[in-house]
Every structure is written in C-alpha cells, then in structure tokens.
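When the chains are written out, they are named A, B, C and D in that same order, and each has its own residue count from 1.
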C-alpha cells in the first residue's frame, strides 16, 4: 500500500489523488476544501483510498441531488487533524441508480445512505440495511425527486 | 333502676370513660377515646333526651346512654378521629413537600387556596372524577386487590403510629415490630401488581421493588433492634420514655440515625430510592397501568408511608413526643408531629438535591455501606450498654 | 485562556462529603427564597417586561399603508391576504388581513414594509375561541400606542459603498432598486400604471405606431416609487425588471 | 463504591439462559425528548441490543425549500431546531453567501458570533436540564431553565423573539445590536458564570450524579470518528476537533478560546465537555462584544445582496451546539434553491445509540442518550 498521510495539506491531497487515483478529477480547491469528481465504478475504491491513506476518518454526509437527466451523490469527507474537507461528487445515470455503499468504510454514512435511498431511490449496493427511515414503510415513491410535485407548489 | 330524667343534663353527665367496665384500653388513659366517648355522650344523650320527651320512659333512651353502647359508639368516633388526624397530617406532609420543593427549586409551589393547601383537595377531587379504567389484559383480581391492599396497609400503618402516650390505637409490648412488619409488606404487593399489569415497565418496576427491599430491609431491622436493645423494650412508649430519662438516641447512635434515615427513605420509596417508579426510563414503573383514582390513592399511600417513616425516625432517635427538660409537655401530639415534619423536611431536601440511584448501586449501598454501618452502630451501642453508660 | 471548569473537576467526592454539598447548595437557595421572592412570575397578574421590538402579532397603521402587497409576497407562511375595505372616506382600498392562526411571528411583514405601515407589536395574548376570530382585519390589526421602536427598518449598506470607502452610509432597501423598462417588449397595456399603489407610473405617449395609434410607455417617478415590484409581477410581457443596485 | 457497572454481555449470556424482551421506549416516553423511539432488548436489566427509530417528525423540509425564495427560508431554518435556532439560520445564510461569493461586514460576523454563542449557552442549558430529569432530579431542570431565561431575554432584546429568532440575514444580520443588548449581555454572562457553579455543585459534587454517569458507555476515538459522532460528545471521546477552531468560519479565528477535549470517552466526560464549553462561550461573547464596540456604532452590519443566486453548488459547515451541521446548496440561477440539504448532527449521533447503550443497564439508557442532546426537529427535518 501507499504511504499513509495523517495530516495532508490541500496540495498534498491534490497531488496524491492525481497520482494514485487517476480516475478522480479535482475540479477546484479552496482553503481547506477540495472539490473532486469520481466515476461511479471507482467511487468505493476512491473512498477507501481517501479513508485509509489520507486519514479522512469522518464522513459528514452523503447527499443525493436529482438533476433530472442524471443523479449525483455527493460525499463530504473530513480529516480530523487538519480540518480539510473533500467534496466528492459521483454522477449516476438516471436509468441505473446503483452505487457502491461506503458504509463498510464509514459507519456514519449508514443512515445518510438510507435517507438518500428512501428520498431519491438511489440504491446503495452492499448496504447492511437499506430500509425506509424517515418516511413510512408503505411509501412506494421517492418524494425528493424532481418528478414528484408538491401539491401546494407555487 | 328508676331514675328521674327531667333536664337534658340528666342525660349528658360526662362519665369518666376509665370507670366504664367496658373500657378497652385497660388502665391507660386514651385521649381520642375520651373525646369520642364524650362526643357520644353529647350526641347520644341529646337523642335519648329527645326520644324520652316524646315517649317518656322508653328503653331505647336508656340503651343509648348505657355503658356498652357508649363504649361502642365512642370507639367508632375514636377510629374516625384517629383516621382524620392521620389523614390531615399526611395532607400537611404533602403540602409541605410541594411548598418546600417549590422554594428549593426557585418557584412558588402550589398556589390554590390557604397558601396552596387546598391543592391537595383539588387534586383528590380531580383524580376521583376520572374514569375508572383498567387495561383489557391485566390479571383482574391481583390488579384490583394489590392497589387496595397497598393503600389499606399504608392507612393501617399510619393509624398505628402513636402520637403520644395518650394518643394510640393499641399499646402492644411489640408495637415497633408490628408496625415494621406491616410496613414491609408493601414491596411484595408491588411485585405482584407488577406481574399482574401485563406491562413490561410494570414488570421491571415490580422486580426493582423486590431488589430494593432486599437491600434496605436487613440494615433497617438491625437498627430497630439496636434501639430496642438500648431501651430494653419493643414498646414504643417505653422507648420514648427511656429517651426522656437519658438522652435522645440520636446522640449515641448518630451513625445509626443517618443510616436509618436513608433506609426509611428507601422504605417510603422516595427519591433517591424511587427506582421502582423511575419515571425517566420506566414511564411510571409499577404504577404505569393504574389510572385516575387508583393512581391518586397510590400516591396518597406513598405519602402516608413517607410520614410513617418520619414518625418512626422521630420515635427511635428524636425522643418521640417528649422534649428535653420538659418531658411530656401540655400537647405532646403537636411536638411529635412537628418532629416528624422536621425529619420530612430533610427527606424533601434529599429529594431536591439528589438523583435516582441505579439498581446495582442500591444493592451495593445496602450491603456494603448501610449494613456495615448498622453493625458498627450495634457494636457502639453494645459497648455503651456493657460499659454501663445506659 | 484556560479551562475554568475542567481545572477544578472531577473532584474527589469524599472531599465534598458525597451528598452534603448539593444539599447545602439547595439549602442556600431555600434560605434565599424564604425571605425573598422566587424567580417565578405570577403570570396573569404580573407580566414580564418586554422591549418595544418584541415580535408579537403584526400591527398595521391604516393611514400609512398603501396596499402594495409586499407583506403578502414576503410572508413565509402565506397568512396575509389583501382584502378590499373602505378607508376613512369610504373609498374601497386594498389592505392586508392577517390570519394569526398561521402567523409564525417572524416579523417579515414589518421588515419588508416599504412605508413602515406594518409594525411588530408586543401583543402576544392572542387566544380566541374560534379560528374565525383569529382573522385580523386591517382595522383590527391597528395597535394602540405604536411607538417608533416597533417599526422594523430595513437598512442596508451597499457593497459598492464599502468598496468605495464609504462604509458608514446606510440606505433604505426600498430607495434604490427601481423597475427598468425593456422598450422592445412593452406593448403599452397600462397594467403597470393600474397596479402601482403609489401612482408612480405614468403612461406617456411616445409617438405613434404604424397604424397611427399612440405608443404608450410607462415612465416611472423614482421619487415616488417604493420598489414593491407589483408592476414587474403584473407585466404580461416581462418588459419591466427590477434593476438591483449593489 | 460503584465501579463495576459494565457487565460483559457475553459472559452473562453464557451463565444463564434467560428470555430477552424488547422494551419499546417512545415515541411518547419521558426519556425521549421529542418524538422518537428506542427499541431496547433487555436481558433482565441489561441492554443487549438497541434500535433507534426516527421519522415521526419528517416534514420534508428540504423539499419545501425548493419552492421558496431565498429570504423566506430563513424563518424555516429557525424551525429546524427550536433550542439552537440561531445556528441553523446562520448556517443557511452563510451557505447562500458562499454561493453568492460575497463577504459580509466585520460587524455582522461578530454579531453572529455573539448570537451563536448565546444560542449555544441556552441550548446547553436546556440539555443540562434534560440530563437532570433523565437522572431523576427536577431541581437541576428548574435551575437550568431559570438561567436559560436570562439568555432568552437577551434574544428578545436583540431581535424581538425568544426562540425562533429569525435574526441572521443573507448579507448580514436583521438589525444592529441595541444599546440594551450591549449592556445586558455582559451582565448576563457574568451572572451566569456565578450561577453555574451552584448547578455544578448540585451535579459534580454529588456522588450519586457522578456515579450514574461515570464508567458507562465507553467509546473510543476511532469508533467515534468512524460512526460520525460529532460535537461535544465526540470531544468527550478524545477527538480533538472543533470546527470553530480547526475550520473557522466568520471571525472565529479572531477570538481566543480553548476547545475542551477529554480522552476517557465515558458518559461523564461527554457531560464535562459541554459544561466547559459554556464557560468558553462566555469568554467568546466577552471578546466579541468588545470587538463590536470597537467597530463603532455606524459600522455596516448588513449589505445588500442580489435576490438571485448564480448557478452552482456551495456548502458550508458550522459547529452547532450539538455537533457538526452542514448545508449543501445547489442553485440553478433563479431566486429559489434547486436543492438544499441539511446535515444535522443529531441524525448521525442518534444512529450511534446502539453502540453507546450496549451492555449498560436500562436505568442508564436515558443518562447516556441525554449526552447526545436529542432534538427531533433537525433529525427528521
């Protein structure tokens, strides 16, 4: 395995990601922020690399966004030593809503993935318990999709 | 015997109840019976006079004022009197807790009428007006009997506590033991009612009541035995008199007094030992399924047991109804009640300042702290007794 | 900076005598409250002092209001509605009516009122027997004793002012943004002039068109305009746009 | 005296073959502050399994915002958490400002810091009150509520409302601090620091309170980071991370404060962190008020912002009283957000309740879960 960086700076993260994960595309950086995108196939490996080698111990959120033609899953990952955050966006085609779950890496992503599944219908493969969390079990639709119109919308 | 009855005063003569051949208390003077007897003389005498006015020379009038009837009716009024005084003193305890607790928490406490005293009455009325419901799947017999027995036993124990040498129900040689025996019955019933309610919270609450009893009952009995050893008697009157002759037993038995105070708190199931109720995790513990009037009665029973605990403390360690250098005084009942209220004030303080303990902690405290302390206390008393101080 | 609490605790509990110190703390307060009054306020008889800017129900000064509908648009719970009521002279005018059953007391209506006709009031005892009673009409919204402190001013600093080294200048939010006409889109329908609550828009003839009819174009009197954007919203061809001054 | 409270579950199971029962605590249960359920599996009194169930309060907050213009979301953000409403409003405004790419005036930043810390203190006081009742003592509850009242009064003086403050705005704050506020806040903070010692004497000097919290529910640093536990609970487990210090927003890098961290990781250390944080918040308030006064009366506090947000994404995060909260905004160039996602700290913290409760007694469950300071408005959103 590659060397483990406990307190990586933004530059180090960018260079590491560029060298070790060529699939990752770092779009922009700010102070303590790295914005990157990754293809869906490699997302799990990238997350594992970020967790193991860059010591990003904490997964803040897993966010689903419905862009109608495709969906995006956004991971916000935190390093507890430096406060650097990586925003990793993974695009998913609208006709095949599957992505590898990161719960085996970060246990804290468990409920976020459940929530994203129940509200957007993005299936997280290998998730230990992909059940409805906030909405009743009888729901058969995904209320946060753009195709689901609110009754009282203006 | 032919007697001339002309005026009402011929009917109401205020006999001395002690001279009555049917006097139930052998040779001790009993104030409530005296009051009851005299009240019946006034009431029964007036009725007898009235009947005699209409039907002169009838036997009913004579029967109404004869010795046996007077004793019987006097006893009835005596019972009522004992109960009312005990009940009112419990309500005062309740009011005191609400007021003091309010002050300690920087609020005002109850505010309804008579500085908040009538709030008890309002609460009582409210609970009595509630619908009397029982869950469908409870064990009916035990469910109903347990609450009746718990409340009934509490009233019984409360009435059995003597307020002074002249204010008692029975004057047994083993009065202390009998009171403690009835007092300790309640946890069994709590356990049974916890089973009966068919509710998990109640079940755990009932189990905890048993757990609690295991931990405090033994040190408590050792402490009572110690006091009896010091006084040389299980009779409450004798214990109090012995304290009046020497010193209050809180001075030689300070360790025992503190231990007994906490044991008595546990006996009354008050904070910090209210683990059977534990509203934070068990909703209302073993009372969960009791609603309305039943709950109100259980609450009243709790306070009755609390006031009995305080009375026991006052009897065992604070010299009961006597005052140092004065002895019995003119109104020993008030002295006794004030002493028990003082003890209850400390119980309120404890309730206000402390949190609830855990089940394993109460077992630890009971067997590793209270038990050694009570044994140490016993040893001290033994030394004093052997050394001839007492 | 040092830790204040962590320097002292955790303590050896035997030193504070296990349970005696909390009892002592409680006794201290008991002694205090027996002689002094406790913190509780006897509510219906005593009331807490509240400042003027307290956000109770909205209040309305009927004379100041022009019925621009800014409050209706800004209300996050949609509890305000414009209704037609007669004014003092009997003329029908549009004034807001507030459904207090939905009101969230956020104060947006007072904040975004261009003329400060809407105010916040310290009136918070609003219980009624029916929901209908919770509908506060324009006259009922009037609050006796409205003070200047109850007005919520919306004063902002322009970013351009800060850049130009004039950061202390504050301007009212409604004094700057003005509607701007895209001449090519306008069809001269006069709708904007009709909906303008302060009559700041005047239709001016600007020549004639091919058919010989006059071309009407709105001219906005910037001093009168209160930036309510009614004309923008009602324009059928999106010819008017608010030009934001930053 | 009472140290051996952790019972090894496996050992207990081997020793006796007893029936286990599921006890459902909630949604209407004295221990659940709000509507949620904790199913606990009990072996006697010992918890062998736990499962939190949330969602009773799900309002579709994020979907609702997609139909509202940007300023109208501010009062909605207040309603995410009634105890710490200011932080969510602050977070929302910060996110929109970041999407707009504007920098707000210094004074507004300091006012937001003051408002945030006032909010933090009153939220922590509410938490402390809940700890008191969960451990069976009402005095702590009422004393804390009494202290909290002073800070709610400060809120009234600042912006006119007690809890749902609706105070920060996109581009600044709603109004300048009033004279009354400037005077009273220092008084309130001084008074609070004195009064707090009484409450501490009630809890930390009482062997019963301490023994109820000590040595139960251990979490290690790695567990804590991996499970996503954030906030004071995380710092009580040894993670030395505070967004205010390590990833400063607004002007938190200009004020000087300590971040308390304890490595023991039991329930009591999580409790102690929050108490210390209240004292540190007092320090922050004092410094920030001084800086506000130094900026002068006429300094700008609110700048004008465009009503439409350029298309793009933006996220900010901030240290809520309960942990790390994050907002992620996707805008499409209109005056309404395309998607707004809230990461609430409690949502993740409550998912760790199984790990926290395992092996403890049922009597400890309220005491343990009190340490994550439940707030259901932000959990279910």
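Keep in mind that, in the parts below, contacts are C-beta pairs under 8 Å (C-beta built on N, C-alpha and C of every residue); 3 or more make two chains touch, one makes a residue touch a chain.
All figures in this text were calculated on a predicted structure; none of them were measured in a lab.
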Please identify which chain has its centre, taken as the mean of its CA atoms, farthest from the centre of chain D.
-> B
Would you identify the chain whose C-alpha centroid lies closest to the centroid of all protein C-alpha atoms displayed?
-> D
More C-beta contacts across B-D or across C-D?
-> C-D
Can you give the whole-Å distance between the Cα centres of chain B and chain D?
-> 48
Report the inter-chain centroid distance for chain C and chain D in whole angstrom, where each centroid is the mean of the CA atoms.
-> 29
Whole-angstrom distance, CA centroid of chain B to CA centroid of chain C, is 63
Distance between the centres, which are taken as Cα means, of chain C and chain A, whole angstrom = 40
Numbers and ranges of chain B residues touching at least 2 other chains = 104, 106-107, 352-354
By residue number and range, which residues of chain C touch two or more other chains?
-> 19, 22, 25-26, 29, 39
What topology does the chain touch graph have (line, ring, star, complete, other)?
-> other
Pairwise, which chains touch?
-> A-D, B-C, B-D, C-D
Contacting residues of chain B [partner chain D, same complex] = 101, 104-107, 200-201, 204, 271-272, 274-275, 278-283, 352-361, 364-365, 368-369
In the complex, the residues of chain D that touch chain C are 68, 71-73, 75-76, 78, 102, 105, 139, 146, 149, 156-157, 159-161, 164, 166, 171-172, 174-175, 178, 180, 193, 198, 200-210, 256-258, 260, 262, 268, 272, 275-276, 279-280, 283, 298-307
Can you name the residues of chain C that touch chain B in the complex?
-> 19, 22-23, 25-27, 29-30, 33-34, 38-40, 42
In the complex formed with chain D, which residues of chain C make contact?
-> 1-6, 9-11, 13, 16, 18-19, 21-22, 24-26, 28-29, 39, 50-51, 53-55, 74, 76, 104-108, 111, 120, 152-153, 155-159, 161-162, 167-168, 170, 173, 176, 244-246
Residue ranges of chain D touching chain B (in the complex, touch as defined) | 1-2, 5, 21, 23, 25, 29-31, 42, 45, 132-139, 142-143, 146, 202, 206, 208-209, 211-212, 361-366
